[in-house]
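These notes are about the structure you will find just below.
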Amino acid sequence: MSQPSLLSEIKDKHHVFSFMQSQASPVLNVDKQILLYLEGLSVSFDGFKAINDLNLYIRDGELRCIIGPNGAGKTTMMDIITGKTKPDTGSAWFGQTINLLELDEPAIAQAGIGRKFQKPTVFESLSVYDNLVLAMPDERLVFSLLFARLKGEQRDRIDEVMTLIGLQDHSAMRAGSLSHGQKQWLEIGMLLMQKPRLLLVDEPVAGMTHQEMDRTAELLVSLSGSHSVVVVEHDMDFVRQLAGKERTVTVLHQGSVLAEGSMDQVQNNQKVIEVYLGESQ
Amino acid sequence: DTIKVGVLHSLSGTMAISETTLKDTMLMLIEEQNAKGGLLGKQLEAVVVDPASDWPLFAERARELLERDQVAAIFGTWTSVSRKSVLPVVEELNGLLFYPVQYEGEESSRNVIYTGAAPNQQAIPAVDYLMNELGIERWVLAGTDYVYPRTTNRILEAYLKQMGVAEDDIMINYTPFGHSDWQTIVSDIRRFGSAGKKTAVVSTINGDANVPFYRELGAQGVSAEDIPVIAFSVGEEELSGIDTAPLVGHLAAWNYFMSVDTEENDAFIEKWHDFIGDTNRVTNDPMEAHYIGFNLWVEAVNKAGTTDTEAVQEAIIGVTVPNLTGSYAALMPNHHITKPVLIGEIQADGQFEVVWQTPSTVVGDAWSDYLEGSKDIISDWRKPLLCGNYNVVTKTCSGQSYE
Amino acid sequence: MISIQGLNQFYGESHTLWDIDMQIPEGQCTVLMGRNGVGKTTLLQCIMGHQKVASGSIQLNPADKDLVKTSVEQRPRLGIGYVPQGRQIFPLLTVEENLQIGLPVLPRGQRRIPDYIFELFPVLADMMHRRGGDLSGGQQQQLAIGRALVVDPKLLILDEPTEGIQPNVVQEIGDIIRKLNREMGLTVLLVEQKLPFARKVGDRFCILDRGRKVAEGDMAGLDDTLIKQYLTV
Amino acid sequence: MRQLRSLGLLTLILLSSLTSLQAADSDPVLAEFEALLSSSAAPDRARAISLLADSMHPDTLSLLAELLEGQLYTFRGDSHLYRVPRHEEGRAAERLLDGETLTIERVRDFRRVAVNNAQRTQIRRVMALTGLNAESSAIRLQAVRQLMRDADSATIALIQDAYPTEENNRVRELMAVALAIHTLADSDNEVLQRDAIDTLSESLEPRARNSLAQFAQSTENPALQELSQRALTQIDHKVQFYKGLETLYFGISLGSVLVLAAIGLTITFGVMGVINMAHGELIMIGAYTTFVIQQLMPDHIGLSIFVAIPAAFVVSGLVGIAIERGVIRFLYGRPLETLLATFGISLVLQQAVRSIFSPLNRTVETPGWMSGMLEFNPVFAITLNRLYIILFCFLVFFALLLILKRTALGLQVRAVSQNRAMARAMGVRSERVDMLTFGLGSGVAGIAGVALSQITNVGPNLGQSYIIDSFMVVVFGGVGNLWGTLVAGMTLGIATKLVEPWTGAVLAKILVLVFIIFFIQKKPRGLFPQRGRAAED
Amino acid sequence: MLLWNLIKQDRGGQILLALLALAIIIVPILNGLPSDHPLHIPTYMVAVMGKYLTLALLALSVDLVWGYLGILTLGHGAFFALGGYVMGMYLMRQIGDRGVYGHPELPDFMVFLNWDSLPWYWQGLDQFWFAAILIVLVPGLLAFIFGALAFRSRVSGVYLSIITQALTFALMLAFFRNEMGFGGNNGLTDFKDLLGFNLQARETRVGLFIASAIALALGYLLCRSVTQSRLGKVCVAVRDAESRSRFMGYRVENVKLWVFTLSAMIAGVAGALYVPQVGIINPNEFSPLNSIEIVVWVAVGGRATLYGAVAGAIFINYAKTWFTTELPDVWLFALGAIFILVTVLMPKGIVGLLRRKEGNA
């Protein structure tokens, strides 16, 4: 991450320091029905190309599954979208107006992109309830945070989500004491509270039972339409359930798109079978 | 029923190195006085506290000593800042503080007896010696960056210029407390000293910084014959922590050296060794100052017949007691004492050999005659003037004054 | 191989495991199942010595050692390999160093990383000198399994080992577990949520519910009623 | 065949080999010497020295040496002079006049015959006269230098005589310079003066430059003036160059001290993650160990350092292990709280040292082989003690690097600090690893203490004066990176020394601190940051 | 009402505020008793207690950033000292021509260093209102600038700790220099009066004690209102998982910056109240070891509890007073032992003993 030199910033009398900048991003514009554009992205770590000329478009309201071998670059792609990693080349736009590469993590989150991490990360010493409170999108400015109070409908929403993720009995528990699977659910809950326009969901059902998987699938499907959802998963049953007949599945391999199409197409693609699915699937 | 005496020296923290010895000295003096039957028929009791090299704590401890323990006098403090911290307290509560260390002057309080040297009792005679006896023409004034060296060097600078030394022949250098890397400075000194004129270093380097300074002098082969260093803060005790072999011949100016050959001194040293149980321990100038201060106080209390501060303050001016170097210390009206000035050379065994001394004792001058702001000020704590800073030009007494 | 008797465990005040009695027969693959948060990981951690046990014993058979009284670092020396939930890779060590960590428990002369690990997970060979923490999630999981195999265990304990691993590798892991189990007599204790996988590799099953053991038996006996009752929400 | 002008000197040298043959009982010279020396007036003592020097007494050189060394004492009992090799109770004292020996009963009964600077110079001059003919070229060089201090025509004549037969180049050059200085000052012959300027322009001796400068001022001959001016600039350029070199050396030397002080912390703090506020006190313990070792072997100071290094490693290491076992092991997983506990430990250790060794500084002697300078030329010399410390610093650094890279311990400690539970599950005996690693870091701190004892105070405050710098170095370099510590220490050392001549020591220190603050803004994880996914959050 | 909400579920806070209220009433009364009365509190004790309260306020400010925000600041003494220096400068100006050189405007140390006029940064400080503003502004501004640089560059963890230490160390060296115009090593001392009240007077000391108690109470409520607000939760979130909170849209650097600045201002107020009660301010207050000690008070008291910080500061400083008087030779052993024992045996500090049951902060 290269930052302009401090000196040049100080010398520039028009420079507005980040702590003084207004935190609103340009208005999201999805006239072309495309919510996310990733074009020509490449990134390498110590010479290793993790993402290699990747092109990907997500339509507004689409539910997209992304699969691909371990190390194909799926998580790295999400890192780029959310501002964690800056690509070496390429562009990433959120709608037609928001250039993601110019924004930092909080700005991207505020623009409406939410993420569930592959390894569940929650605020361990806060209660489950407070974890959800903090995920609410409304208050982000320091001073409004100082005076923020929960409104009635916000409370209802939290209770609703709490039930949905099955943690209603654990609301006062420290999030750090949850089991692995419970943390997964809590993170999904936080994502729901955040109500982002685009949800990036990295391996949501790892460690869940089959039935929980079904519930998760229903949940994600119900979100699509009003939200765009990008799901990464290795569990083929789950992916099949999500993709149904018509939704697009993208296969990443070695940092770029190997195949794209409906689940059936992808499943029968010889290359995909070779590098990813294995014979018996 | 006892008379309490406060001992206010740091026993921990950075200053413990110097001050612990003074605490022991006070305990020894008090023990001895008690063996002689005490004072006014009562035993003396030492109240020892530890201000821990923390300046605000000095004031707090002093207040406790005076308010809670009702001590008759306090013997203590070392650095000027600790004295400055205690000063308002002893003035407010009308206590009596005996201050045993050489200092920068520019102060005279009714409640403080200054038994250490003022600049004119150490720095000026030292420079005189270098100039007249060793023919020094070029001067390095090196000190730790705080008030005592700064003031002393200002006085010396003014004095040297007055004696006709050119600006170019004076190099002034300050270092932080505890400075430990002296390579550059010693090398600069060597270079400064190789310009063909006889050069000397006048050092007001404080405490911990001295060891690495002298080590570097030794390592870079700066011998006393080439560039002598005269120090005002390095005594026997400081030398006892340094390998003195490479330093033989460097100088110090004090009012007392352990090596002085007098009966009083021999007796004092013997007592000290008995008390501390270690014949290798050295004695030094601030110890003598406490010895003098304590005896002055004892005399004054005897004279006044009470330990009451007012009475002792009145009685103590003019009291004269023997010092350890064969002359007498008299308390002057400005609360400073008369002292001989001795110049000693460091010997291989860590002792000083006296090479020069003032023909008679010198009266401590509270307000330097070489500084603009203070040359018109005098101090006299006798009635009717009763003022520590009387301006002879404006004929006013400002600061601490009593109606 | 391991026999657990009357095991109770608490997190602070909350009683998490209740009077667990359980057998892990030698040479078999036992699958531990149950919903999220019922205590599976906790039970494995008790066996590993990571959690203090309030009461009960865990006997390791051949040596008749009570694991409760044995320090954690003895376990690999007793032939126990462990693949924890959440991978627990040493993030700043290289892949190679991650694998080497276990070597000192082996007898001198055998202290090298067995080749079959790289056959099983070729990606590890490619990434030998990359920091463990830089690997993708699935690669880390493979590393975690490889790392446990380095100590040449007699008993392998795996906590959801297939999480985040691509399907064809999952198959291979299944195959290798079976192979190690059937051909080399390795005893396996496996926590697994995915039924097909569990059925494929497991000989026996054992179900926990809210900290209690509620069912146990041969894999064939895992029927829909049990599944409905204990494994669905 | 050397021509010896001074007959006295010749005799002196001849006779000095026969010393022991002389019966000493009624030696009038010695008696007078004793009488003059016993006087408390400095001029009398000066006369005693001249008397001896002129007397051709066979013992002259050895007596003067003893006087210089401070081995002559007056005994209060009989007011005679005694030779006292060791001024301690129970040691022997030998009467000068008749060789009778006494045992010292009270130390204060024997007062050393003191010499002051003037007398010391006088003695050295006498010795230098003979030194011109010494076997060793180093002594001859020293002698020439001594004689140059205030050369008169007699000494110049001596040098002139010795010059043609001198074989050693450096001595010859110095002699030539001495002669040239003399020529420049005394001669009116322009050719000789030109030659002299030539000779002097090649020399870096300060005296040469001074005499040139003086000559350039005073001469009326414009050609000579220009010539000498040119010579002066030539010298100044060289001096400037060597000054730069010297600054660099000072920087490296300061840097090596910083690295030594910090390197133990790289392990305990950098690798193990223990914020060890007692690190400074572990250094202090190493320094005190050196002191104790020197007390135990006062006659082998030269060797003492070699004993002290392992001893300090063991002592500090054991103290470190005790700290680890006694306190720190209860705090793993609570890294910040180690700050609190080790702060307490540092207070306790400081006070313990005050109680055991007194609050005063202790003397650690510099062994002979570490003192002195490696002199490249008169304006550039490097001090041996610093040179050894630099070498030692690199030695320690590479040894540590080897341990951490090549042994199982290095790998295991990193594993333990990254994930203790998992490391144990992999069979790493974490307690042992912690203990050994902390012991290693502490032992290395102790070793640093041995080095520091050679340049600074050995006192209870020693640790505190290095703790802040040590943390700065480790953090500046990038926590956990040994190379980072090395580069950081050197960078800070050199930076300080580069700035110091411009700003003085105080501002230099402030500027370096400000530099660190700004540097960390640019590289928030130090010079050599831990990289990769895991390090990012 | 709002107030009550703040401390409704805060037993420690309730006790603390009650004790402070009690002290405000009872200390002046006890101090007014005749000096031979067994319950009499001598005036010097009042001043010492007042000092403890200011140090407690300082500890509170450190707990706010360390306990809740996870910033281990090893340089908070700098903000305390700056507040103290501003107050010291005001007090120096109040001396007027009563200094030893009798100069109407210049403090003594300037006269004797031959300064001929007051430097610009001493101007206006004869006005209390101006000094009062600077007391919060100077530390606040320094913290703001320092924080803006550091947090924006995402300096964190020990790196941040060490540069806070470098900051206070550099300030210490700078203030030691006489050229800075702050009295060098001797600092500022020999104060005469504050707002026209004689500083030596009993009433003034009691007044300062009450002011310190009120400041501590207000400081507590302020910190409590921050930590109880959603901002406080965000702080904890940042402490636990900084990058995760970024992905949730929080500007971590701004949160840190404002809380850090607020904390520095509180420290500045503490310093300003400290100086008139101890009678001296000197560069030593900037010493890095002092700042480390503050952190130690907080840890001893119990991190992230606020009232724990107060308890820790008072406990340790009282222990120090007691030890240095009663055990002057061995007190460091005792103090060191307390630090070690508290850490090892009481991971939650001394208040941890009192509130075993409460689950989370």
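Labels A, B, C, D and E are assigned to the chains in the order they are written; within every chain, residues are numbered from 1.
By our rule, a contact is a pair of C-beta atoms (placed from the backbone, for glycine too) under 8 Å apart; a residue touches a chain by one contact, two chains touch by 3 or more.
Here is each chain with its UniProt name: A = Urea ABC transporter, ATPase protein UrtD; C = Urea ABC transporter, ATPase protein UrtE; D = Urea ABC transporter, permease protein UrtB; E = Urea ABC transporter, permease protein UrtC.
Remember, it's a predicted structure, so these values are computed and weren't measured experimentally.
*Asks:* What is the minimum number of touch steps required to go from subunit B to subunit C?
*Replies:* 2
*Asks:* In terms of CA centres, which chain lies closest to the overall middle?
*Replies:* It is chain E that sits nearest the middle.
*Asks:* Measuring between Cα centroids, what's the chain most distant from subunit E?
*Replies:* Following the centroid criterion, the farthest chain would be C.
*Asks:* Any idea how many Å lie between the Cα centroids of subunit A and subunit E?
*Replies:* Roughly 44 Å separates the two chain centres.
*Asks:* Approximately how many whole Å separate the CA-defined centres of subunit A and subunit D?
*Replies:* 64
*Asks:* Roughly how far is subunit A from subunit C, centre to centre by C-alpha average, rounded to an integer in Å?
*Replies:* 31
*Asks:* Can you compute the centre-to-centre distance for subunit A and subunit B, using the mean CA position of each chain? Integer Å is fine.
*Replies:* Between these chains, centre-to-centre, one finds 73 Å.
*Asks:* Can you list the residues of subunit A that touch 2 or more other chains?
*Replies:* 6, 45, 84, in rising order.
*Asks:* When you check subunit D against every other chain, which residues touch at least two of them?
*Replies:* 350-351, 464, 506, 509, 518, 521, 532, 536
*Asks:* Find every residue in subunit E that makes contact with two or more other chains and list them.
*Replies:* In subunit E, residues 149, 153, 173, 176-177, 241, 243-244, 329, 332 touch at least two other chains, as defined above.
*Asks:* What residues of subunit E sit close enough to touch subunit A in their complex?
*Replies:* 148-149, 152-153, 225-226, 229-231, 233-234, 236-237, 239-241, 243-255, 257-258, 359-361
*Asks:* For the complex, give me every residue of subunit B touching subunit E.
*Replies:* Result: residues 11-12, 48-52, 54-57, 59-61, 63-64, 67-68, 79-81, 84-85, 87-89, 92, 106-107, 145-147, 150-151, 154, 176-177, 371-374, 377, 388-389, 391, 394, 396, 398-400 of subunit B touch subunit E.
*Asks:* Enumerate the contact residues on subunit A facing subunit C in the complex.
*Replies:* 45-46, 48, 68-72, 74-76, 118-119, 166, 177-182, 184-185, 203, 206-212, 215, 234-236, 275-281
*Asks:* Given the complex with subunit B, which residues does subunit D contribute to the contact?
*Replies:* 42, 69-70, 87, 107-108, 111-112, 114-117, 120-121, 124, 206-207, 210, 213-214, 243, 246-247, 250, 253-254, 257, 350-351, 354, 358-366, 371-373, 379, 381, 383-386, 454-461, 464-465, 496-497, 500-501, 504-506, 509
*Asks:* Quick one: in the complex, what on subunit C touches subunit A?
*Replies:* Where subunit C meets subunit A, its residues are 11, 35-37, 41, 85-87, 123, 130, 134-139, 141-142, 160, 163-172, 193-195, 231-233.
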